[in-house]
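In this document, chain identifiers A, B and C correspond to the written order of the chains, with residue numbering beginning at 1 in each.
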Amino acid sequence: MNILSRKRIISVSGWILYAIIIFIAPIFLGDYLRHTMIMFLFYISFVVSYSILVGHAGMFSLGQQMFIGFGAYATAFLTTQYTNITNILITIPMAAIFGGFLAYLMSFILLKLPPRPFSMVTLAFNFFIRQFWNLDPLKFTGGALGIKPIYPPTIEIPGLLYIEIGRLGMYYQAAIMSILMLIFYHLLTTSRFGVAIRAIKENEILAENMGINIIWYKRRTWIICGALAAIAGNFYGYYLGVITPYVFLWYRNTYLLTMAYLGGITMIEGCILGPFIYVVLAEFMRVTEEFRIVIFSAILLITILFFPEGIGGKVKDIYKKIRSKGDL
Amino acid sequence: MDPSIFFQHLLNGVTLGSLYAFIAVGLTIIYGITRIINFAHGRFYMLGAYITYIFLQIIGLHYFIALPLTILTLFIIGYLFDVIVLRKIRERGYVVTTVITLCVGLIIGNLVKAIWGRIDLMMHTFLTKSVTIGPITTYAQRLFSIPVILVTFWILHYFLFNTKTGNAMRAYSQNQELCIAVGVDTNRILTFSIALSASLAGLGAAVIAPLFRIFPDVGGLPINKAYVIICMGGFGNVKGALLCAFIIGITESVLAGYFFPSYRDLFGFALAIIVFLIRPQGIFGTKVGFEW
Amino acid sequence: MSIDKNTKLIVIAVVILAVIGIGYWALRPKPIADDEEPIADDVEPIADDVGPTGAPIKIGMFVDTTGTAATQGLRMVSAARMALEIVNEEGGVLGRPLELIARDTASDALTAIAAMRRLVEVDRVHILNGPHWSSCCLPCLPVSDELGIPWINTASTHRKLGESGGVGGNRWFFHTKLIDYWFFSSYLDILVNEVGAKTFIGVFRNDDWGHQCRDIISDYLTQYGGELIEDVYFEPGETNYMPILTRIKDLKPDGIIPVGPTVDFVRQWSELGLSDDIPLFWRSFTFFEWRRLLGEEILEGIWGVDQYTAVIDTSENRAFVNEFYNRYGVYPTANDGLVYEGVHLMAQAIEEAGSTDPDAIHDALENIEFLSPLTGWTITFDEYHNGSGLIQIYNVQDGEPLMLYSTNTDEITLG
């Protein structure tokens, strides 16, 4: 394919347009919409990790959001309890390492399980992490009262740079984080690693026969996705300024599932489209708030029945049909 | 060690195990027949609780009339559930069925919450009175669950092995194509199994829900355990589900009662993890079908 | 189909831009001049028989109306609406009607912040109430500094909230729900020294409220010469307390302090025959609800402590409780009563401020002396914007809830 093919030009310019919109948006938006945009960008970061895990590797986890909690707590530990480190150049990698390490520990049980118990056990882990974090028998989690405050993030390169990230700065932090996540997503899914995990999802036995070491890939995917979600959690901790074990409440999973599947679980555009549709819907749904869960469940149901590839997938399908009809 | 305390813990465990059993056995039957894990199953229990309440306290029937009526109503609900939901998604993959049953469960649960959510309800049957038997003082309702469990699962066993439909169910779960080839009416079997599972949950609710407050999320915590239980016992294996339900129920109650009461849920789960590490397909798990 | 594919792309792009545009237009921050008619102080108040007129004064409420705490949240909104009706019947505030806008926090911190911001920046409310969970309340504190609107919380119990308002740094934050050290400081003193119970087992909900209470109880018991021999935690939503209660039956403490269990706890306590031997010392007292669900005999001898209960015996409270029950089929809990009071308190503050200017309302709140219509107690705020309140200790005797002791935050010095 020609490097300057129409498809690639449209794709790249679409992304550049997206980045521009994201970066200039705060100028036009009031504080309320800025907060909504930050939620949107945060959800993108989470959906990226979920999309890799479920959409590409087929590891249907029902507890992925606990890593947000891990990342937020790692950040809290660094900024309040032990030393006062607010430098995101340190806290982000530390959050990723913390999340990745806990993922590594969990993988010893999880990877032994067939797919259905795998999902149940991730759900159970989420439940027990919450219980354990509240009870805090080993006295390191900060307990049920949580950790407050988490001081605002900074960027520090000793001798060169010192920036304190204020409220507006956090918007750009979220924006950059989400864009880096999307870039990582693209690189990972188009690499050999990505091809291998999709092969595993398609047909595990065949993949094994072709020489792909299933456990090796699954473990790394699980750890990477845990680390990614923990990075999102790092931002979450900074943005709220406080973290409590409520972050581990599992039922919120429905909304996260919805936004992951709405956009399209296997495509990068889906990572943006899903949270976008979710946030827009949530805004307009203020009128019937009591039925919010019902409506979102219904939406998820319809999506998964009729648009298994998400709305993004449907749009792509339509686009392909148009193109092929045009060729005839 | 005080024997009356020990027997009380044991009885608590049996009650808890019964609760898990009524839910888990239905769940595992549905899996065995349709290969679907029904994430809406907890709602059958919840509906059973509310329906029993309606028959008992709003309409005012006697408990022993309300009980079979509840079973019947849940049978119909299970039937409807299959026709409206499960039939459409039987051929789909694991993720799709999980998400769909999850959503349907949420929709049902939240609709009930919207209608009835603001008011807590408490059921009183003629059995929710204290009796003293030997060293234990407890509600008669709690003791009532023991004979019900024994009778129900004896009947279930008999049904699965000695009736045409039961045998057909077992055969179907082991080899679908052969059953179709032989001319078994698969739709009838499928729908019947699901209705049966729903009735089991409803029976469980009628027997055990009177011991607790009724609210829209009732059955929420036990159903989470039930998922782990059916994995532990082996998917589709009724004997496994039954056994593991009681193992977990009794372990939880006794160990938590004596040692770390705050970590009650952890004991059962730790046990399940140990089983998974040794034998990932579950205690009685096999690759094929469901069995007694 | 013969539509050119470029046209299709353009159409899709236009649709997306249109959606964004419509969304922005619907949600844009509205300029103040649009919906407010500032009333000068020397304008004649409108006659009562006409009812309050003019641009409504808006109260923004952000609580859980979905999720696990939806039941309480919805009840709190109901209680607020009842209060609103009464205020409007009596002429409104500054001659203007009160209006309530409720938004959902979904037990999620991000959604809580969004709800709070939306209430202030889009709905343009003049004063805020909420949320319920401390996990939603704490992240909203820095946001309130940005928003600059007075905010009265009547439901959260985290101890940091007691140090946050006023001189604690969050200027706009006011807090009327008493933090649990107020309750236990006198409650445990009475239980140990007058009732004579020395050893206790605490049964706590496994969340911030439960753990905080456990620490407070443990400290005070040590001070008063009692002992917390064990603390047991249960998961929120749990209804099966049998293992815990059986263990308690084995350990035979002088009393049980339940913090947060459901009414099932009382029933199972009675089922095991503990009602004669091991009394219950609740941290709350929802007697009418218990009686509605369980009947009176089981409740004999139970103790409770709270800031507001439905059994408070003033004519206004009885009227409120009856009306609440007639409308909603349940009896109001402490949070419902506090919200009801809160709305009246806000109304009085705005009256005294003479306008809806946030600074004026803030100053009015800081200096307010608010006589609660339900409890007869006069609420004032300290320098941390914590509202004073009652601590009332009850005991069920002969099927009746008796208030045996009553004290208040002014009388107690926390040790």
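To be clear about the criterion, a residue touches a chain if its C-beta (ideal position, glycine included) is under 8 Å from a C-beta of that chain, and two chains touch if they have at least 3 such contacts.
Being a predicted model, the structure only gives us computed values, none of them experimental.
> How would one label the connectivity among the chains shown: line, ring, star, complete, or other?
If you draw each chain as a dot and join those that touch, every dot ends up joined to every other.
> I need the chain pair with the most C-beta contacts, please.
A-C
> How many angstrom lie between the CA centroids of subunit A and subunit B, rounded to a whole number?
One centre to the other, that is 35 Å.
> Return the distance between the CA-based centres of subunit A and subunit C, expressed in whole Å.
For subunit A versus subunit C, the centre distance works out to 34 Å.
> Which positions in subunit B touch two or more other chains at once?
110, 262, 265
> Going through subunit A residue by residue, note those that touch at least 2 other chains and give them in order.
In subunit A, the residues touching two or more other chains are 131, 135, 290, 293.
> List, in ascending order, every residue of subunit C touching at least 2 other chains.
Correct list: 66, 68, 70, 74, 206, 233, 235.
> Mind listing the subunit A positions that touch subunit C in their complex?
10, 28-33, 35-36, 39, 42, 131, 134-135, 143-146, 148, 167, 236, 239-242, 244-247, 249, 251-252, 280, 283-284, 286, 289-290, 292-293, 315, 319, 322-323, 325-326
> Give every residue of subunit B touching subunit C within the complex, in rising order.
Residue positions touching the partner: 2, 5, 8-9, 12, 15-16, 110, 113, 117-122, 130, 132, 137-139, 142, 212-213, 215, 217-218, 220-221, 252-254, 256-258, 261-262, 264-265.
> Along subunit A, where are the residues that touch subunit B in the complex?
Interface residues on the subunit A side: 54, 58, 60, 109, 112-117, 119-121, 123-124, 127-128, 131, 135, 254, 257, 261, 290-291, 293-294, 297-298, 300-301, 304-305, 308.
> Using the touch rule from the top, collect the residues of subunit C that touch subunit B in their complex.
66, 68, 70-71, 74-75, 206, 231-235, 237-240, 242-244, 246-247, 249-250, 262-264, 267, 270-273, 289, 293-294, 328-330
> Considering the complex alone, what residue numbers of subunit B touch subunit A?
37, 88-89, 94-96, 98-100, 102-104, 106-107, 110-111, 114, 224, 227-228, 231, 235, 262-263, 265-266, 269, 273, 276-277, 280-281
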